[in-house]
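For reference, the structure is listed below as structure tokens.
Each chain gets a letter, A, B, C and D, in the order it is written, and its residues are counted from 1.
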Amino acid sequence: MKTEVTVANRTYIVEYESHGEGLKICIDDQAYTVDTNNFTDVFYSILIAGKSYDIVAAGKDDIYSVAVGGESFNVHFFDPRACLNREKHSQSALESHQLISAPMAGRIIRFKAQVGDLVTSNDGLVILEAMKMENEIKSRGIGVVKEIFAAEDDVVEPGQKLMIIE
Amino acid sequence: MKTEVTVANRTYIVEYESHGEGLKICIDDQAYTVDTNNFTDVFYSILIAGKSYDIVAAGKDDIYSVAVGGESFNVHFFDPRACLNREKHSQSALESHQLISAPMAGRIIRFKAQVGDLVTSNDGLVILEAMKMENEIKSRGIGVVKEIFAAEDDVVEPGQKLMIIE
Amino acid sequence: MFKKILIANRGEIAVRIIRTCRELGVQTVAVYSEADRGSLHVRYADEAYCIGPAPAVESYLDAEAILAVARSTHAEAIHPGYGFLSENAAFAKKCVEHDVVFIGPDSTVIENMGNKTVARQIMIHHGIPIIPGATDATEECADALKVAHDIGFPVMLKAASGGGGKGMRIVHSAEELTDAFLAVRREAYASFADSRIFVEKYFSTPRHIEVQVMADNHGNAVHLYERECSIQRRYQKVVEECPSVFVDDALRKRLTKTALHITTVVGYSGAGTVEFLVDQDKNHYFLEMNTRIQVEHSVTELVTGVDMVKEQLLVASGSPLSINQDQIKAVGAAIECRIYAEDPEADFLPAPGPLKKITFPEGPGVRIDSGVYSGWQVSRHYDPMIAKIATWGRDRNEARIRMLRALDECVIYGVKTNVKLHKQILTDQSFIDGNYSTKFIAERIDSLPQDDLFSHHLAIIGALCARLKTAETGQHSMDENMLQQHDSWRMSGKYQFWASRF
Amino acid sequence: MFKKILIANRGEIAVRIIRTCRELGVQTVAVYSEADRGSLHVRYADEAYCIGPAPAVESYLDAEAILAVARSTHAEAIHPGYGFLSENAAFAKKCVEHDVVFIGPDSTVIENMGNKTVARQIMIHHGIPIIPGATDATEECADALKVAHDIGFPVMLKAASGGGGKGMRIVHSAEELTDAFLAVRREAYASFADSRIFVEKYFSTPRHIEVQVMADNHGNAVHLYERECSIQRRYQKVVEECPSVFVDDALRKRLTKTALHITTVVGYSGAGTVEFLVDQDKNHYFLEMNTRIQVEHSVTELVTGVDMVKEQLLVASGSPLSINQDQIKAVGAAIECRIYAEDPEADFLPAPGPLKKITFPEGPGVRIDSGVYSGWQVSRHYDPMIAKIATWGRDRNEARIRMLRALDECVIYGVKTNVKLHKQILTDQSFIDGNYSTKFIAERIDSLPQDDLFSHHLAIIGALCARLKTAETGQHSMDENMLQQHDSWRMSGKYQFWASRF
């Protein structure tokens, strides 16, 4: 099986096949023979040429959350034919108008930018209070605020859209 | 709902109904209003009139394994109509001829009783080695060994029948 | 000793208190908000009662609701833990009025120490050094400017009723002062309903060192040595140590003597902490006195062997302290790392969510205090602390490498945490040398190290294992809400002001 | 210090050794049997290699397989842990021949101390008291009878190569002797391929007290105080304490002096334990010397603060001990409870099975050493120890009540355990008073307390919750193999002889 995988904004070409109890895998040009052992739901013990690694992994469809040595990664699989196109499409969409959504649940303290405002990189957009803390959501690019979807004092859920910048 | 339940060889009459987030339950003549919270697969937090208990429980059909304050119990539910009859039947069967099965996996070292031997309470029947230890299975009643189903040096699985005593 | 007490808190500190109560045979009553029905403190207590909705102000800060539970359960005393009502003089007073023992000092002591102006005046009166600056708080920008000119820039603006880092700002010049003053005043009012601000001398490489004290109502007062709490992020402690590598015997003698002096003159009772700022030249200045148990009390317990909650209960129930100064020996060294659910890639924003799997470290010299379990959700309503990991060693370096080992053993899956930050701190040469100030994190730990390629490869292998398992069994090992969200917009912590960290 | 070592063991002790290696920056190589692919020591090691099938004789006892892994991984040393090859002189010798450091004393020391006859002769030669009885082992019943008549009944029969309680029997009269002798001889031959038996004086209320020693190759030898190991079931330690409440300063001085004397005269190196029998009148008799780390070393570590595995590695790598006698202070008291998967209702038969859920205690003064995790299976092939729980307190009673608190926090679901037995022991008045001998469990803990009715009611409520959840979600929370089997036939432990407990 051959697929593309992204981890932390890097894309890798992955080829793999089952190999006894484990698997053979080639990531870009690096080949590994992996002995895997899954003892309880999400814990995997991995042996690669005798080296032992403890990995936690779970997910569904094409997205997996993996913890390796105290760090966690989101790993995305792509169908090389269909998905890449979809990805490209959504990226271009993102570039023409940028959607600001709440990264966490919280209460909106204040909008620092209003409809029509020109914002540039690092400009504050929204101040969100969560867990007794005021957090400022900043802009990473240039654009004009097109629409605001919430009001001050609103309690928002994670992922709820707050603002569109064009 | 009304049912019979056995715990550690004692039988209780249990009546219960859902009650909001929890349940109302009457065990023999003792009534409880129970607030239950199941946070993760098998852990239950139980509040009865404010008193807090941490219980681990799982099982299927009519048999549940429950841990309460460091002790574990097997809890059997009975359908008052059908099951009691079945139970009675199997109990009488147990009394006429007693089946000795391996309580754990291990290797049979030796049979201390042979076919035709009369055994009484506390007589040794089989010596089973498990986890580097020799364990003697003893008789709790009187009877004659009718049949032996395994040989010395056999490795047996838990529950495998070893002997019938009549 | 009490027969039964109520614990007016949640999370790890409530569990910590229940542990000692169990050892002393004291029955425990937990109170909980609607968000906390499955919380560990509810599970561990003997009794538990709901006191209101998730927002703290409607539950853990609701004095009437808590006192009603105390009354109906016949709890003889209330342990407030840290945060919430622990330094609320009105609550302490109300407890006494309701004939319930408040486990802490007298309400007037709480009031005096909670009011920075009063506290400073007491210190000045008794000849205890305080930080140069205003001894009176002000709501007026002009006053602030005048003080700043007197003591010279840089100065620190501090909300009079603030604490735990909330409502603080450094100002380097007169130009910056007005904006900063207004911001702090706004935050101070929003958080504490008190707009008064202190202006004080700002030190460039200060150490934050505190002395643990305990006093009973029989005239005994002891210190339990110092804690080094300079490793902070935005005025919030991240790593604490006992003892401080910066404190030599002469300074230790001065610090503990001053702390005991304060304990005596304010008429203290129970466990308290005197916080000092220590400058490069080892001058010490009184900062404040915390009239409650601290988060970081575990390092003191590891080094002295004293169960501080036990002593709190002894004192509150009228017994003398079970230890005198000669019996309190500091043996070895201890370090504590506060493990938070926060996102290091998003400037350490709180990252509430489901703790799908947790494995805590074990083995020699490791102490765990947590209020969570696999399956529990870190709530957005409260402080996102997952656990305190503390290690003890024969010396500081043994404690340090043991902590690194412990952090490596720690598996927390489901939410992002600051574990990697701790590893960075503990392996930084300045930390190893003990050569650091409260600026340490800001100056030394400015960016996350790059992932190495191999960790990406391992992540892919792990993901592939999970994917093949799903394909094989047709079952997802876990539901999808465990997947951590990434947002393409960065969040800044510039406006992060914590009210609930201690 | 070594760069890389191999750990020729499994379970908690392998994990314990890996922990110290990680702290010292020493790479670790684990070896495992086919049954142990998912074992915690495999997961925690840097490298891991399979060395054979589940039976220990084909894997953990296979010296050639282990040395082959050491060679191919360039491991510089082998830590044998306890059990398995740890006291195998031939293996220690073979390591040296293969140019691999054996982490333990010289093979001749292991050989001498492993041979009870030789060990006793050395002790007699150096004027160290031994238990009255034969100094020569015999295979002949007639010899045994003669010795028994000389020293008087009751006598103890002991397999010459035995250990850990296997191959031991008390004989009260000449009539019983023949049968018992033959039984012990048969067991001894089956277990150790050595039919020789010692006959020695049997004491009615003996204490089993051992002294921890450490020596390096630079002429330094120190003791780390004593451990009280009298709480035993069928000659197997169940609860250990440090220090012993029975040992006064005068006895402690004699015990530690004797232990150091032995350490010196046998040319010891590394960590060792000198076991003594102490009678009612506080006379001490040398029993044996264990030339390896003990299960119960954690109580000594808690009280002295010394990481004993670290010292073992230092000594084996040629460094001197990092501590001298003056630096080793005993502070407070520690207790260890060995948590086993065994069925208290079936005479403490091993109860292998799936550890579905485990929650270990946390908080002040608690140390956990385990080799298991939620989801792991306790194998029928090896020792069924789940974990060691150790607690430290300022005094013995604080350690004791802390242990009771810790045991209450401990949730082990899926297999039966001896947790309740520990609670019985720790709340028994004789134990509280410190007034007990090796007969304690046999005499005081003869039957399990009755369940109270309310715990049945709670069990029913719990079962009902699980049943209603199943009905609601249609999912069983766990598979059925977790249900514990009950057999209507009792099993007796009369023939239980453990070869793998230490």
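Throughout what follows, a contact is a pair of C-beta atoms (placed from the backbone, for glycine too) under 8 Å apart; a residue touches a chain by one contact, two chains touch by 3 or more.
Here the structure is a predicted model, which means the values were calculated and not measured.
**Q** Could you see whether A-C or A-D has the larger number of C-beta contact pairs?
**A** By the number of C-beta pairs in contact, the winner is A-C.
**Q** Taking each chain's centre as its mean C-alpha position, how far apart are subunit A and subunit D in Å?
**A** 49
**Q** Could you grab the centroid distance between subunit B and subunit D? Build each centroid from C-alpha atoms only and quote it in angstrom.
**A** Roughly 32 Å, centre to centre.
**Q** Where in subunit B do residues touch two or more other chains at once?
**A** In subunit B, residues 41, 43, 54 touch at least two other chains, as defined above.
**Q** By the touch rule stated above, which residues of subunit D touch at least two different other chains?
**A** 44, 373-374, 408
**Q** Show me, using the given definition of touch, all chain pairs that touch one another.
**A** All chain pairs meeting the touch criterion are A-C, A-D, B-C, B-D, C-D.
**Q** Using the touch rule from the top, collect the residues of subunit C that touch subunit A in their complex.
**A** 187, 346, 349-352, 356-357, 380-384, 407-408, 410-413, 416, 419-420, 423, 451, 455-470, 476-478, 480, 482-500
**Q** Quick one: in the complex, what on subunit C touches subunit B?
**A** Subunit C reaches subunit B through residues 29-30, 37-38, 42-49, 73, 373-376.
**Q** Can you list the residues on subunit A that touch subunit C in the complex?
**A** Within the complex, subunit A contacts subunit C at residues 5, 7-8, 10, 12, 14, 16, 18, 23, 25, 27, 30, 32, 34, 36, 38, 41-44, 46, 48, 53-60, 63-75, 77, 94, 98, 100-101, 103-106, 122, 124-125, 127, 130-140, 158-159.
**Q** Under the definition above, what is the set of subunit B residues touching subunit C in their complex?
**A** Residue positions touching the partner: 37, 39-41, 43, 45, 47, 50-52, 54.
**Q** For the complex, which residues does subunit C have touching subunit D?
**A** Residues in contact with subunit D: 15-16, 19-20, 22-24, 44, 298, 301, 305-307, 329, 331-332, 359-360, 362-370, 373-374, 392, 394, 398, 401-402, 404-405, 408-409.
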